[in-house]
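Paired with chain B in one complex and with chain C in the other, chain A is shared by the two complexes that follow.
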Partner chain A sequence: MGKEIILHVEGLRTEFQTERGIVQAVNNVSFVLHRGETLGIVGESGCGKSVTNFSILKLVQYPPGRITDGTVLYNEKDLLQCSEDEIRTIRGKHIAMIFQDPLTSLNPVIKIWVQIAEALRLHQGMSKKDAKAKAIELLKLIGIPDAEQRADNYPHQFSGGMRQRVMIAMALSCNPDILIADEPTTALDVTIQAQILEIIKNLSQEHKTSVIMITHDLGVVAEMCDAVCVMYAGRIVERATIDELFYDPKHPYTIGLLNSIPRIDQDSEEHLHSILGAPPDLIDLPIGCPFQPRCTHAMEICAYKSPPEFSMGGDESRTVACWLHEKEHAHG
Partner chain B sequence: MVNTDILLDVQNLKVHFPIEKGIIFKRNAGWIRAVDGVSFSIRKGESLGLVGESGCGKSTTAMTVAQLQASTAGKVFFEGRDLSLITPKELRRERMNFQIVFQDPYSSLNPRMRAGDIIAEPLRIYARKKIISISKKEVLEKTASLMDRCGLPSSSADRYPHEFSGGQRQRIGIARALSLGPKMIIADEPVSALDVSIQSQILNLLKDLQQELDLTFLFIAHDLAVVEYFCSRIAVMYLGHIVETADSKTLYNQPIHPYTRALFSAVPLSDPRSARKRKRIILEGDVPSPSVVRAGCPFMDRCPDVMERCKVETPTLSNLDKNHQVACFLYDSPGKER
Partner chain C sequence: MIRYIVKRLLSLIPVLFGVSLIIFFLVRMIPGTALEMYMGTQVEATPEQMVELQRIFGEDKPVPVLYMEWLGDIIHGDFGYSLRTGRPVFPDILSRLPLSLELTLFSLVLALMIGIPLGIVSSLHQNTFGDFISRITGLLGLSLPQFWLAALMVMAFSGFRGWIPMGNYVGFIVDPLRNLKMLFFPSLAIGIGFAAVVMRYTRNSMLEVLQQDYIRTAKAKGLKHRSVIYTHALKNAILPVITVTGFNTGYLLGGAIVIEEVFALPGIGRLSLYAIYQRDYPIIQAVVMIIATIFVVVNLITDIIYALMNPRTRLDDTTR
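The block that comes next holds the complex of A and B.
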């Protein structure tokens, strides 16, 4: 490929113990992230997209959660084998994360600049004064007006969009290699969403930061990402470049998903296509393909055998987990 | 299909909420002007979409139209009757004609009632109040047919809300809204709590029901793509005001108001090629607080085309053509084109 691989997730499995049984939230997920690339992970609620990324930084709480298998290679080091102290030097410094809800992820009783400066002082050993100057500089960079004064504010004095920008400032303060953005704009209005996406895009291009963009919004994916993984019931069902996904989707679920969104740029008088039924219960998944009960192309094999990820034309970065595409795999 | 009869007419509606200060002796420290002079009308069989960002007053408008929230000023006419003048008893009778589907299918259903009872409750209440006459057997039949129509298995009538998925719960909410045979449905963000694949199921159901039952819709949503798909006409709200209204195609193809243009250009397109090509208008700053009383256009401090006049005068909705109104001084003089 020629592109430098910065993160390699292989065979990741994460499960949660619940009263009703074990929930297999992430089921054998593998993907690679290249330097400077923006990778989208899309899927509906409960498909495991957030848990996948929490697992990368070992942020899954035990109990009830447990990472049972897999490797996460970053700089030839397996993050899952790291001790808590080791991983703490990576979190925030090399791999940073932006969370969905900017209000609950900021500390309400600590001034904005102190929260931004925390990572700088911890990871870069800056003095308090230097860290404050850098925090104000970051606030200016992300477009907070009157940054000098606003730095002394508390989170409740900021609007939702500004809080999310503070989160971005915190995440980018140490120039991380990888930025994990977990639904960064879901809680925001469209015009604010456009501002935030623009900031993430510009900053990642300037600093050659790789971004993992977790979202349920295919529109955000189309605007932001270079490559995409579509998740369903804890598995990656399709991976593709952005153009392949939107113009040549292969998996019936991806096709259904793309057809079921109303398109603002197209006239559609007739019915929206919809996927029948609802996503499966992760506690008792069907034995075969998890999408089989909702799939209009379901065949006999789908009911009893779960499809592996078939690569299309021998390309590891273009895969489909569907028996319909077994032949293409063989020919490739 | 659409005739010219006006079903709902809202005139200069204002809803202001007091800001109270003090713990024991509450005093009024100002007003939040959630809805500040909104006028629109909906023809029979039409679906009007009310869009805007959070806090723009779209839900307050809907709740006030439904008479669930008192208005500060202005009038709501339903089939020509002024709803603020009629007695509570008459209002109850009138309510049969406009019913609501709420946003959150989790909190809008009583967790201790069975699905069948939730759907039958409006019928039972209206029968008890002797507004309609319906036998117990008929109630059950009606409930069963509503459930069937809304895509709920009839066997699920005895189940409780927590046993249903989000999409099915929204179906229960829709069946309940339909039970009294309303003419108009006020749908307040009916699909925003649902996943995409479920969202399309509900939108299809609503669209089918509209055609079958000749329903009129006031449809509130923040998702422009959903509104553009569902509604024949759209009104865009900003800070308690309607800034532009037009039929959906016109509004998408030729948005006029600077806010509408920014709003449409901010919607992420599910098409990477056109997303790369288009030029987005990124607005600066945030929506100002609706508690500050200011002269001028509500959009003036974020508007890229702001003029001196915008800071002193408030533009009112004026006709661009028969189906397109805009409140902006840029288009004040008729015939002016951009």
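The block that comes next holds the complex of A and C.
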């Protein structure tokens, strides 16, 4: 491929101990992120997207959460084996995160600039004064009007869109190699969504930041991503480039997702499909393919044997975990 | 802010009016009047003498009339004279109030100094042995009566290496060290129960705050554990503790009044206790009015501190 791999997640498993049993939130997830690339992780809510990314920075709270297996290679170091002190030097400095709900993700009793300046002071050893100046500069950069005054505000005095901008400023303050954006626009108005995506796109391109874009919205994927992993019930069921995903989807789940997007060029009522049924309970996963109960193409084997990830045409970056595509794999 | 404070202070008026009404009639419902207490069972008096005594003890008029007279007096800052000593009530109370307030404050500080760290530690080591021990201790602190603890302390420590200095009370200004030494155990006895309350509030509040998204944000920034706990978590977790502290300061003052008696400290507690024995109505009434005022002012101070700590609260709608 020639592209430099910046993050390599391999065989990641994360589970939660609950009263009802063990939730397998992330089940053998592997993917690579290349430098400068934006990788999408798509899937319905509850399929393990957030937990996957919390696991990368060991932000899963124990108890109840536990990373039971896997490696996360960054700069030839396995982050999962790092001590708390080591991983702390990675968090915020080399790998930064933006979260879904910018209101609850900002500390309500700490001034905006202080929250931005924290990482600067910690990772770049800035003085309080310099960090404040830089925080204000960042606020201007992401388009907060009257940045000097607004820096002294508290989160509740900002609108949803502005809060998410603050989160972005915070995450990008130390020029991280990797930005993990966990549904950054889900909690925002449609009109604001586009602006936020634009900011992430521009800033990441400018600073050559690699991005993991978590979303359940294929529109966001189309807008932002170079490659995509489709997740279902804690696993990656399909991985593809953006073109392959939209023009040649393989997995019935992916096809279902694509069909559920309303399109202008279609008679909406007739052609708008959604996938029937609900995602499975991650505690009592079916023995076979987790998607099998909802799959219109299910075969006999699907009920009792979980499909591995078949690579299409021998290409590791194009895989489908579905028995329908076993043959393509064999012949490819 | 200023407007808010003025508004709150004005709200003192109806509160104090209500308190005055209740206390005035309540003290007169205690069986035995001041005069009867004064006379005892032995003394004989002529009818003329009795009439004169009734006038002196203010028992010659109907209670509502007496109330109106008293109300008129206190509005002018005149709390009357002790029925026993004949001395003006107010200076006597004023000279004893600092001790009671110091006891209250000291017990408050002790309770916070014990309760908050224990609560934090307990929340960080949830369901471990340490958590278990501090929770049990907290429960004990909560269920042991103050006066019982106080009596225990007196027995255990007085005379013993001078842990509780005996002899006359010395004011803080006269000899701060000796003063604090004298008040340490009484304050502990008063505050220990509240320390347990503070501990439980801190623990529960911390446990809740630690689940919040912004804690994860703080960790994702790479902040050290200490900063996450003491800057990000505690600043939020302390808010309910401030509120409960406001509510409980009155309770601590009440505790001080009881405990003063056990440790033989000359605060308003002893004063009012004897006033109650002797039905010295003016003293009881004045003490209650002053405590009610302190109570309201303390709650106001708490609310202001709360507002300063929590930028989301707005004290009033007109100014910011």
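Structure notes:
In the analysis below, the second predicted complex is superposed on the first by the 325 of 332 C-alpha atoms of A that agree within 3 Å, B and C clash if a C-alpha of one lies under 4 Å from a C-alpha of the other, contacts with A are read in each partner's own complex, and residues count from 1 in each chain.
Keep this in mind: contacts are C-beta pairs under 8 Å (C-beta built on N, C-alpha and C of every residue); 3 or more make two chains touch, one makes a residue touch a chain.
Everything quoted here is computed from the prediction, not taken from an experiment.
Residue contacts after overlaying the shared chain place A:Ile242 against chain B, while chain C stays out of touching range. Of the two partner chains placed by superposition, A:Ile255 touches none, neither chain B nor chain C.
Of the two partner chains placed around the shared chain by superposition, chain B is the only one that A:Met162 touches, whereas chain C remains out of contact.
When the shared chain is aligned, chain C comes close enough to touch A:Arg88, but chain B does not.
By the touch criterion defined above, A:Ile5 reaches neither chain B nor chain C. Of the two partner chains, chain B is the only one that A:Ala222 touches; chain C does not reach it. When the shared chain is aligned, no partner comes close enough to touch A:Leu285: not chain B, not chain C. Residue contacts after overlaying the shared chain place A:Leu73 against neither chain B nor chain C. Considering which of chain B and chain C touches more of chain A, the answer is B. Chain contact summary for the complex, chain A toward chain C: residues 54, 57, 59, 84, 88-93, 96-97, 99, 101, 104-110, 118-119, 122-123, 154, 156, 167, 170.
Interface residues of chain A facing chain B in the complex, by the touch rule stated above, are 44-45, 145, 159, 161-162, 189-195, 197-198, 216-220, 222-223, 242-243, 246-247, 256-258, 260-265, 267-268, 271-276, 278-279.
Those residues of chain B that touch chain A in the complex are listed here as 53-54, 165, 167-168, 195-201, 203-204, 207, 222, 224-226, 228-230, 249, 252, 262-275, 280, 282-283, 285-287. Interface residues of chain C, counted against chain A in their complex, comprise 212-214, 216-225, 227, 231-232, 235-236, 239, 309-312.
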